[in-house]
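Alright, structures below, take your time with them.
In the two assemblies presented below, subunit A is common to both, partnered first by subunit B and then by subunit C.
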Partner chain A sequence: MALKTDDLRVYYQTLKGDVKALDGASFTLEDGEIMGLAGESGCGKSTLAKSLILLKPPMKYVEGRVRLDGEELPIWDDEKMNSFRYKNVSIIPQYAMNAMNPTRKIGKMVKELLKSRGISPGEKRDELEHRLDLVDLTRDVLSMYPIELSGGMKQRMVMVISSLLDPSLLMADEITSALDVSTQKAVSEMLVEFRDKDFIKSLIFITHDISILYQIADSITVMYAGKLVERAPTEEITGRPLHPYTKLLISSLPKIGAKYTEEKLEGIPGKPPELLEPPEGCRFKNRCPKKEEECDEEPPFREVSPGHKVACWKVKKDVS
Partner chain B sequence: MFLNLDKVTKVFKTGTFGGQDLHAVEDVDFGLTEGEFVSLIGESGSGKSTIGRMILRLTSVTSGVIEYRGKDISEFRRQSLKDYYRQVQGVFQEPFSAYNPIFKADRVFRNVKDEFFPEMDNGRWQDKVQDSLGAVGLNPDQVLGNYPHQLSGGQLQRFLIARALLLDIDFLVADEIISMLDASTRIDVLNLLADLKEREGLSILFITHDLSLGYYISERAMILYSGRILEKGVTEKIFRNPLHPYTKLLMASVPRIDKKWEEVEAELEEKQSDIDSGCVYRDRCSFQEKCKQCEEARPELREVEENHYVACHAQEED
Partner chain C sequence: MKRYFSRKVFIYILTFFLAVTIDWLVPRFMPGNPVQNMLSRASIQSDAAEVMRGYYTKAFGLDVPLWQQYLNFWQAIFHGDLGVSVYMFPEKVTNVIFRAVPYDLALLVPSVLLSWIAGNKFGAFAARSRWLDNTILPITYLLRATPYMWLAILMAWSLGIVWGIFPISGAYSFSMQPSFSFAFLVSFLRHWFLPFASLFIVQFGGWAIGMRNMIIYELEEDYSHYLESLGAPRSLVRKYAFRNAMLPQITGLALRLGQVVAGALATEIVFSYPGIGYLLLQAINNQDYFLIQGCFLFIVIGVLLANFIIDVVYVIVDPRTRQGMEGT
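Take a look at the complex of A and B:
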């Protein structure tokens, strides 16, 4: 397996105390898998991605282990992580538009980046050009400044840079949310191609938009208030969601062909809990239509059918 | 017509010395009848927000006329402009910047009172605020007296809609008002708009980049690209049978949870080839049942009697 996290906890330090943004995440990611990570803002999905590559204050490592390709990833040690970053783990950040140094020409910036990893830029020149072709960028962009590129072009450039050293794990953090629908589709499909062409082994694709995940992901993991609540193959989770939160999330999505006058959709009442002092037990219980007494105890994240994990007391094992 | 746009064009000056022209909106014509819910769908840079801003008089019109109830809105001054804003209001994409973080969120209501209802006594004003908060589905006891950071994005956005309702408006420009909200709350705000239309007879121009939202909510839709309307009509018709290549591209790109991109593309191609290969008249043809070929092949023009040509499969069988 490519990635395995074990009970990973990462908090944010604030004056009022620790915000428990990621509170015990255990999952494995297979080689070649595209895992979609979904959830509302503040659910911890970006924290999970950031903690795997650059865990810096106010983020605080609390506990948990991460293994990548059988090797321990020392996420708590900023310096030791340096030899993994970019080569083994890489990220396309949320604001990729602003990820490039505005004072450097793009080509020069890429060279500097390669040198900093001890790789001679000439060695990667052909590969770089090949990948620019793949994402429909002309080679001229290398002699341009980031400001000369449109938002979509910058996004694609950052995609090329982030994956240039063929990292085992690539994470894409909300990279499609600021793009137009036609660009969204192009960018998402390019990432699938990166995986198909073995530039990257596996991908964690983070978004709040489950319908994009349905298009490209092999599996979907849903987070709520710092916890993993459900994880299953894509078709399974969209077709047969089990956790009440996932069910509500999916049923609140407007579908083409669904009209207000014919089929009124419902939102999810309430809002997520404060993570400074999260409630005991299930964190969704206050918004959950199925809440019962047992929900005051924390539900385990367990497998209910092959490959389908869910954290809810109300879901019985092997319901089919 | 309740609101009418006639050949509305907006040209922005760009370049270092304003030497270049950017046609943000070009020759846009459309009308809204009272109580209608219309979506204006386009990607970024399509000019959709500029149209909304021109209707709200936040941006001037370069040429063309926007009429509200038969009056040219560019002629409104002072009192008549104020009257216009009593009836027409806008709510925008990002609710957070509409609030001053150091004041309580309900200050936005206070500002409306000072500007539009200075005479009204406080008791009656409070009742009015409570009513309009109720109309947007908020519990006044829970939300009044809070600072902006204590409220969620959805609540703040509802606040702004409630603020617009204080003015007894009959037309609302809703510009991307739910794109910043989480999936679980955005549908509530969307349903609220539809309810307001039904309950209060509000007319709404819903500006969005998201086709599925446009479909869900509106009676008519317009597809805007590069400042021009490419396709408009009854929402169902546009979605069931998109004709403009751009509309088709949009339909194929929008991520759906019931169909994969490839399936949608294949479907659209099939539809396309239907029209390409079949008889162009077949949808309206009374012979249609008699002739299966009409769907598959385009009939050739054939001579059926001397100097008389017709292109119809039904005639070929004889």
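Take a look at the complex of A and C:
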């Protein structure tokens, strides 16, 4: 397996106390797998991605282990982590539109970045150009400043940069939310192609648009208020969602191809809990239609059928 | 690019036009008769006064219609003729101004440049060192918050009067004539030091704080986080942050250099240093309208030129402005 996290906890330190944005995430990601990560805004998706590559204040490592390709990822140690960054783990950040230094020509920035990582830019030149072709960018972009590129072009450029060293794990955070529908699809498919061509081994694809996941993800993981609530292969979770939250999430989608946004989620009454002092027990309980007494205790994230994990007391193993 | 510059040039010309018009209006619409005012201030004998009255009435052209006066004023400007000073009669205003300018330059150019270089270096350094950030920077804040006048007077009083290390009046000893002798140079430098140092100190604080804040801001920008995520070493992240933080500092520098021609009024007053600022004060005290007009005109031209240069420099150093130009 490519990635295995074990009870990963990462909080934000604030003046009011710790914001428990990622509170015990355990999952594994197979080689070649594309995992979609979905959930409402603020549920901790980016926190999960950032903890795996650049965990710096105000983020605070609390506990948990991460293994990548059988090796321990020292995510709590900024110095040690550095040799893994880019080469083993890489990210297309949520802010990809502003990810490039505005006052450097893109080609020059890439060169300086590679050099600083001890890689000769000349060696990567052909590969870089090849990948630009793949994402439909002309080579001229290398002599341009970021501001001269459209949003979609910037997004694709960052995609090429982030995956240039063939990282084992790539995390794409919300890469489609700033794009129009047709570009969204094209960009997502390019990432699948990157996986198919073995540029990257596995991919965590974070998105607001769960319908895009139907098309590209092998598995989907749903987060709620800092916790993983359900994880299963794509067909399984879309056809047979088990967690009450996932059910509401999927049924609140008008139809495939439509985008869910925060407004549409208001179909689920109530709001996610405050992560500064989250309630005891199941974090979904104040909105859950099926809530019972036992929900005051925290439901374990357990496997209910092969490859299908759920964190809910009301989902029994024998559900069929 | 061309459109951008032609628009800019148009704005500059318009500003210049307005500034000159105001410069022309002020003495004309001030209460009282400027010529009479000048003559009574100058308090010279009646026959000389008659000569001057004749000269000034003609020079102001008060006998021709207003529009004619206005056109004449423009014509004179293009001939580089700013009239004759009352207070230093019969010297030409241009000569009086050009005599003051070297003192401004000697005082301000080094203080602006050196404080800029040192302040930026120090600010960038402080952004990196928690220790400096916690010790020297607060002092810099204190210095910056100190009213300049107060600081200058304090320096003049302590170093000039109490300890008597430096002279505090004029640009060189009253007993000397400007020459290229060693003795004159020493006298000049001794007179120059306090005004220079007072200017250096306040400006240093400003640049250092600005630089430190800008770098810290740039280090929190998305592009910095991206580089860090990809494992770029601190040196590269810092280099980019420094470069981008320099952009507003360059603008600031150009602006300051543009104001050099305006002199440093407060400094020149405290230390009686004979630059444009001091000259302007003298002109105002003596109601020397031509000299006031001349000083203002000189300052306006200097500031406009400097701003234009900033625009050009900025286009060269910041690609974002280039994009903006093509977009409009």
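Operating definition for what follows: the second predicted complex is superposed on the first by the 308 of 320 C-alpha atoms of A that agree within 3 Å, B and C clash if a C-alpha of one lies under 4 Å from a C-alpha of the other, contacts with A are read in each partner's own complex, and residues count from 1 in each chain.
Here is the rule we go by: a residue touches a chain if its C-beta (ideal position, glycine included) is under 8 Å from a C-beta of that chain, and two chains touch if they have at least 3 such contacts.
None of these values were measured; they are calculated from a predicted model.
Of the two partner chains placed around the shared chain by superposition, neither subunit B nor subunit C is touched by A:12.
In the overlay built on the shared chain, the residue A:76 is in contact with neither subunit B nor subunit C.
Once chain A of one complex is fitted onto chain A of the other, the partner contacts of A:98 are limited to subunit C, with no touch recorded for subunit B. Residue contacts after overlaying the shared chain place A:215 against subunit B, while subunit C stays out of touching range. In the superposition on chain A, contact of A:271 is made with subunit B only, not with subunit C. Of the two partner chains placed by the overlay, only subunit B lies in contact with A:40; subunit C stays clear of it.
Of the two partner chains placed by superposition, only subunit B is touched by A:180; subunit C is not. Touched by subunit B in one complex and by subunit C in the other is not one residue of subunit A. The residues of subunit B lying in touch with subunit A in their complex are 43-44, 152, 182-188, 190-191, 194, 209-213, 215-217, 235-236, 239, 249-258, 260-261. By the touch criterion given at the top, residues 40-41, 180-182, 184-185, 188-189, 208-212, 214-215, 238, 248-250, 252-260, 264-268, 271 of subunit A touch subunit B in their complex.
Put simply, subunit C touches subunit A in their complex at residues 221-223, 225-233, 235-236, 240, 243-244, 247, 317-320, 322-323. On the subunit A side of its complex with subunit C, the touching residues are 53-54, 56, 82-87, 90-91, 93, 95, 98-104, 112-113, 116-117, 145, 147-148, 158, 161-162.
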